[in-house]
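Should a chain be cited, it is by its letter among A, B, C and D, assigned in written order, with residues numbered from 1 in that chain.
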Amino acid sequence: MAHIFFDHISATPVDPRVVEAMLPYFGERYGNPASHIHDQGQTALRALDASRGTVARMIHAQPGEIVFTSGATEANNLAIKGAAAGSKDKRHIVVSEVEHFSVLNALLPLRAAGFETTVLHVDRDGRVDPDDVRKAIRPDTLLVSVMHANAEIGTIQPVSDIGRIARERGVLFHADATASAGHIPVDVDAIGADLLTLSAHNFYGPKGVGALYVRKGTRLESLIDGGFQEGGYRAGTENVPGIVGMATAAEIAMAESAGWAEKLAPMGRRLWDGLATSIPLLHFTGHPEDRLPGHVSFWVEHAEGESLLLLLNMQGVMAASGSACSSNLRGHDEEDLVASTVLKAIGVPSDICTGSVTFSMGKENTGADVEHVLSVLPAIVSRLREMSPTWLDYQKQQESQG
Amino acid sequence: MAHIFFDHISATPVDPRVVEAMLPYFGERYGNPASHIHDQGQTALRALDASRGTVARMIHAQPGEIVFTSGATEANNLAIKGAAAGSKDKRHIVVSEVEHFSVLNALLPLRAAGFETTVLHVDRDGRVDPDDVRKAIRPDTLLVSVMHANAEIGTIQPVSDIGRIARERGVLFHADATASAGHIPVDVDAIGADLLTLSAHNFYGPKGVGALYVRKGTRLESLIDGGFQEGGYRAGTENVPGIVGMATAAEIAMAESAGWAEKLAPMGRRLWDGLATSIPLLHFTGHPEDRLPGHVSFWVEHAEGESLLLLLNMQGVMAASGSACSSNLRGHDEEDLVASTVLKAIGVPSDICTGSVTFSMGKENTGADVEHVLSVLPAIVSRLREMSPTWLDYQKQQESQG
Amino acid sequence: MAGGPYSEKVMEHFMNPRNVGEIENADGVGEVGNPACGDMMRLYVKVEAGKVSDAKFRTFGCGAAIASSSMLTEMIKGKTIDEARAITNTQVSDALGGLPEVKIHCSVMAEEAVKAALDDYSKKHPA
Amino acid sequence: MAGGPYSEKVMEHFMNPRNVGEIENADGVGEVGNPACGDMMRLYVKVEAGKVSDAKFRTFGCGAAIASSSMLTEMIKGKTIDEARAITNTQVSDALGGLPEVKIHCSVMAEEAVKAALDDYSKKHPA
């Protein structure tokens, strides 16, 4: 059977070169960088330093500005809560409504502590209007946080414009580059970011490691306290093999990601066009051009999302519905199953029967994968519609009208 | 040259079986457990579930009581800050003065937020008197946090007695088992712990993964917010390979750690006795019997700690001085080089010239390693003493007295 | 293959749902759920001699909703009206080999659908 | 071998320190640092014809402290008193190929030790 992974926003296969680079840091070079008086610790410290330099290079930062974390979620929490804790008197934060939950939910304890937040609306393509950022900034605004690219609908935000506005107004700018870094160019200076989130497992590196870029001079308090690691911004023994893996993935991305994008962009367009012509009542989500390469997202009327994914999976096609990190069959109550906030934000109607799908391709996908998906999806949609009472009603209504 | 790693409190070599178990979860089974509608995600979720069960078994807990974290430091922060955030009106916390910095420093923001803390003294062997815990508990006490074993001086605390007292008084008990778990038995019920910290890299598992045991019903707020992972206690895509590695290390420890302890305990005694007879003015630290197997720590007069470690390293012997996580040549000011708080707590004089050393053996060490250390250390100490002005003075003083 | 998030039984009913469709001139029709919640089930029953002689469904929803619908139709066929009314969501989910916690509501929907269809029958065929 | 946390030059001086010991009837002795801080250096100098003709040290301390002491004795030998006094901690640490940030104080201690030893000399040998 086919094994077509079109869910790279949730996970990417670790590149074999990354695994190879990590391997020695388990059983042979197992030292703790903090214990660097002896050879084992020193070896670990050198690997850590070199990795920091490489990751910095990927985003045009200085090595001392990279704080390794356990992933994007922690980095986002550190950015938001750390900036808030480091603030003297500014107590207002601006975010967009399509931010990942690790940004939106990090605001909850801050609101409880008296911070005020402005949540910016996005347009139908999921974009923040930089002018809205300008208008939202107040004298007491501490931070603006807008993601670089949205994983669910692929839209790339006008972060450079937003960064410029924040800079002009003396406000910190945090950009969550989890979905973009390693796929499209990320330059902290071009973006004008003071804080920027990275996640290794989103660009063929390992899970369990990410980084927060912290521009020199930024006031930030640590979230996890303890020993003196990561310049005091993040305590705890560093995940040396993971960090070496992240750096290797960054190295590979710097060398190859332009080529991946060149390959994936036309594959994405082919999938887009193929779906547009073969499935009625299908609506694409996200910006048609300013989007992640190889990322195609949409919703269809009269077919439910999970059922679409289950049937796709039976055909060897793995995809996501809604945000990969929010759809959760393991929650403890049904509140956990609410519709994606992103889809709501871009105006996907919640009063008709819809199913959303996100196809996110990766470097190992091929044109044949796209053709396979195009060959199976129309029948899957039809099958579910045939089962749906709403489709029946819709057709009867069409007949009576026509 | 010899390659004798006697610094297992800072790091342990990952067991080859652990690496083998992790490997498939990088490039082949790379799914995100949250994206479990499809095969890749489902495979990841099953691995996560199985691992949770194994880690729970190691400490006699239920799978649902295990919250995976990025390590011990995060787990300690989650325990302390999470319990504090979850507290309605109790605002007093009791800890010992020999806790790791990830416990002690987690208290700093809480104190700033109005929490009161009692820091218990320890005796000369580094032990907390359970009666002191009893006396410290007030009506508004929320939590007692005392570690199971101290990494620096090896002392095992009377955690069961402390847990019983906490239980009687309706106070939460957190035990930091970072240094003990996987080496000596840890049973959350026997200890009476409501919260208990574990770290994989301390028992031949990978860095970057740990766990917090959270007894069912414990009020705890998350520290890292975002998606709905880890039962809501800890957001962020799980480090699946790391967690599989931790579970495999736990499995191995359950099967073999009794044997390791049986081997290491006499090796520790031999080292202890050998040092006692070959080096004058050497003082052991920590409890003579209730200590981690294969752990020998001490301080010597008239020879500085870092120099001892450097010369030991030149002889192929890797050890630690002070807390592995606190000694830091990479700090930005000299405050980072202050003497170990643990040594101060047990009364090591700071007004005479001392150097402390912690030898922590692991399962791969042999009796020959111990003999090698005994064959090189006396000469190293002598060499440094010959260079020290204080040793010269001491000898002159002895001569004039004798 | 690892299999989905559901039991084999759920997947089997999801992949090969029994009794999909509608019954012309059904004796009772019940509709529960609503599209905004993501799930909607329409159940048709035929009643003969006090027994459910046929049942068909159309469902918009997730795997658990479709499997619950399918299983339900199988369970009520041949049952007396009282027996069919007595079917609980737990029986449906048990018959499916269990459902994930967050999907229990799908079996509840099935239970409610029978009741709604039989209420409709009772209304149309007063005793 | 990965090498220590120090430069090769530091390690070389740490492993093979020059001029360890004391000078009987030294013309000047300087002692700086104190054991509570973890470092203590005692420097002995011999002065002949206005020049430092010999220097020896004893040091309790870390690798950087011992290497700084050793390097310092090498640097001052043959220098005039004014030249020796003018030696800065940066010159010592540069000569050692650099020191970690937190160890700069060891080179400062070396600078202070020369000054203390030459002060002692001046006191004992008023001009």
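Methods note: a residue touches a chain if its C-beta (ideal position, glycine included) is under 8 Å from a C-beta of that chain, and two chains touch if they have at least 3 such contacts.
Everything numeric here is computed off the predicted structure, so don't read it as measured data.
K.L.:
Considering only chains that satisfy the touch condition with chain A, which of them also satisfy it with chain C?
P.N.:
B
K.L.:
Which chain's mean C-alpha position is the greatest distance from chain A's?
P.N.:
That would be chain D.
K.L.:
Centroid of chain C to centroid of chain D, CA atoms only: how many Å?
P.N.:
Roughly 90 Å, centre to centre.
K.L.:
Any idea how many Å lie between the Cα centroids of chain A and chain B?
P.N.:
Centre-to-centre distance between chain A and chain B: 34 Å.
K.L.:
As a quick test, compute the distance in whole Å between the mean CA positions of chain B and chain C.
P.N.:
Taking the mean C-alpha position of each chain, the two centres sit 56 Å apart.
K.L.:
So which stretches of chain D touch two or more other chains?
P.N.:
1, 4-5
K.L.:
Could you say which residues in chain A touch two or more other chains, in rising order?
P.N.:
If we look for residues of chain A contacting two or more partner chains, we find 36-40, 45, 306, 310, 313, 328-332, 336.
K.L.:
Of all possible chain pairs, which ones touch?
P.N.:
So the chains that touch one another pair up as A-B, A-C, A-D, B-C, B-D.
K.L.:
Show me the residue ranges of chain B that touch chain C in the complex, using the header's touch definition.
P.N.:
So the residues of chain B touching chain C come out as 36-40, 42-43, 45-46.
K.L.:
Provide the residue numbers of chain B that touch chain D in the complex, in ascending order.
P.N.:
Those residues of chain B that touch chain D are 1, 302-307, 310, 313-314, 328-334, 336-337, 339, 350-354, 384, 386-392.
K.L.:
Mind listing the chain C positions that touch chain A in their complex?
P.N.:
Counting only chain C, the residues touching chain A are 1, 4-5, 11, 14-15, 17, 20, 22, 31, 35-36, 38-42, 58-63, 65-66, 100-103, 105.
K.L.:
Show me the residue ranges of chain D that touch chain A in the complex, using the header's touch definition.
P.N.:
Those residues of chain D that touch chain A are 1-5.
K.L.:
Considering only the defined contacts, which chain B positions touch chain A in the complex?
P.N.:
The contact residues of chain B facing chain A are 3, 5, 7, 10-16, 18-19, 22-23, 26-28, 30-32, 34-41, 44-45, 69-74, 76-77, 85, 100-102, 105-106, 108-109, 199, 201, 206-209, 221, 223-229, 231-232, 235-242, 306, 309-310, 312-313, 318-321, 323-332, 336.
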